[in-house]
Amino acid sequence: MTLDALIEALLFATSQPMSARKIAEAVSQKPPEVEDALNALQERLASSGSGTRLVRSGQTAELVTHPDAAEIVRAALKQELHGELSKPSLETLSILAYRGPMTRPELEQIRGVQSSLILRNLMLRGLVEHKEDARLGQPTYGVTVAFFKHIGLSGAEELPDYSELRGHSAVEQALQELVASHEHSA
Amino acid sequence: MTLDALIEALLFATSQPMSARKIAEAVSQKPPEVEDALNALQERLASSGSGTRLVRSGQTAELVTHPDAAEIVRAALKQELHGELSKPSLETLSILAYRGPMTRPELEQIRGVQSSLILRNLMLRGLVEHKEDARLGQPTYGVTVAFFKHIGLSGAEELPDYSELRGHSAVEQALQELVASHEHSA
Amino acid sequence: MPYSVRIEQFEGPLDLLLQLVESEKLEITSVSLLQVTEPFVRHVREHHGKIPPEELADFLIVAARLVYLKSKAILPTLTDPELEEGPDLETQLRMYKAFAQAAAKIAALANAGRSSYGRIYRAPKREAPVFTPPNGVTPNLLRELYHRAARRLEPLIALPKTSLEHAMTVEEKIGQLRDRVSTLMHSSFHRFLSESQNKHEMVISFLALLELIKLRIVRVEQDGHFSDITLTLTNAV
């Protein structure tokens, strides 16, 4: 059995998002091999006409249903449509999805407004989480697999205009100046 | 999306065996079409190197993991049940010990993070259980007597600084905010 | 009102600024920012009570930076390191706009209802409920973890109060200023600013000054292009 099939079975059985580290432990393989296998799995599901797909956010992966099946699955699970996201929520989620993981000051630099409450709110809803890497002595935040499931994408790369916004020069400049002013005041 | 992919998504998400009749209802198709699609699904999974397969017995169909992955899958599930508790799990346990029984929104209000997976895991391990009283239409959770016994206590009251910490003012206020937001949104 | 609800009701200062620039059909430039300074300040003043306390300071800071830009246009020697710090407002607004547009696309995705769903975990039937306690958990560890979680909530609960302390009300400051102007009659713009204790106070002083000029309580006089501005109390009071 190929490693990607083995990982597929593992994600299927545990029925929850799993970190690459945990997957690597479970299948007794090194992280680079797991990374390759996750890519292969994602590719195979997409090209073989599967009803499932792999969603990834940062180091976490989950096996989920294809968005084309959303209506039928929702009806079978007797679930209601997700509630609408408010404008500040969408704004925060977008910034974190395109540019995350980032620290709270970095997020606030872009939004121009104090964001601890909106972050808390989104964490309570499971759409945002602490990511492992800290920067400037601050925790970083990023969107979760649940966020991508909600909007029906398999990961950040599928976001509209991803590469353009990811490398937006104004963003780059502003964040660099933020780092500089931090160092200055430190 | 093909009918076999749609059925795959359906079986995947509901996570249980389904009769052909129920499948036909869910996808609004006639039994012969469903029969054909189930055959197609079975064949696709077998030929595309999937980690899952379709098992059919009599009139029911179920998605399961490939037998070649059985050993790894079993070990991973066992690990989840017997491995070390993560920091977030331990924190959840401590909050439920001091402040429980409480609803999931109450727990999340204190932790500031969505906690359904953690609760599920703690319940699977017999450390947390549903308690009898429901609040705000939600079930409540508390630690089990077996867990208290395991750490050498006969109940929550014997926890260090129990009465003082149970009524911690920050916790109290956070929970009041939750009630207020309920009333507000009602 | 609980903090969790209040946050959803008002959009931030950059959103307001962008809406003003766009409603005037302007490009984002330093000149267009000067053009929307007045409506921005007016909006902040009119919605003062509706802006969540924890966001008020941010609205005031943007207002202050706008007024600062405008003041610099008439008083080129004016410099304030703190208000110059970080990316300029124009850059910041452009960046904000890029994400606001992306957010609209994300909203369309979210509203399409094309969500993915994970599996529902169903425990194998034959396995009876197990009890698998963790190793090394002691009552004291539980105490420590619970206490830490409770402490983590404290800044959040104090937030509205600390934010309000941050953003002293403009009205209060206007009162103070009015008194000061009455007694001094002449007050130098530079001195007025240099007496501010910190950035927030300076922000408020700026707004208050603008307020007073608009209400024709204070008259602004400047002898030459680069000389200091003199504030004079008018007969209106």
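The letters A, B and C name the chains in turn, as written, and every chain counts its residues from 1.
In the analysis below, a contact is a pair of C-beta atoms (placed from the backbone, for glycine too) under 8 Å apart; a residue touches a chain by one contact, two chains touch by 3 or more.
If you're wondering where the values come from, they're calculated on a predicted model, not measured in any experiment.
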item: Most central chain, judged by mean C-alpha position against the global CA mean; value: A
item: Chain of greatest Cα-centre distance to chain C; value: B
item: Cα-centroid distance, chain A relative to chain C, in whole angstrom; value: 28
item: Chain B and chain C, separation of their C-alpha mean positions in angstrom; value: 40
item: Chain A-chain B separation of Cα centroids, rounded to whole Å; value: 20
item: Chain B: positions in contact with at least two other chains; value: 12-15, 112
item: Residue numbers of chain C (touch at least two other chains); value: 3-4, 117-121, 156
item: Complex contacts: residues of chain B adjacent to chain C; value: 12-16, 81-82, 84-85, 90-91, 93-95, 97-99, 110-112, 120, 124-127, 144, 146-147, 150-153, 158-161, 165, 168, 170-171, 173-174, 177-178, 180-181, 184-185
item: Sites on chain C touched by chain B in the complex; value: 1-5, 117-123, 129-135, 137-154, 156-157
item: Chain A to chain B touching residues, read off their complex; value: 1-2, 4-10, 12-17, 26-27, 44, 48-52, 63, 65-66, 68-69, 72-73, 75-77, 120, 123-126, 129, 146
item: Chain C residues within the chain A interface of the complex; value: 3-4, 6-8, 11-15, 54-55, 57-58, 62, 85-87, 91-92, 94-96, 98-100, 102-107, 109-121, 156, 159, 163
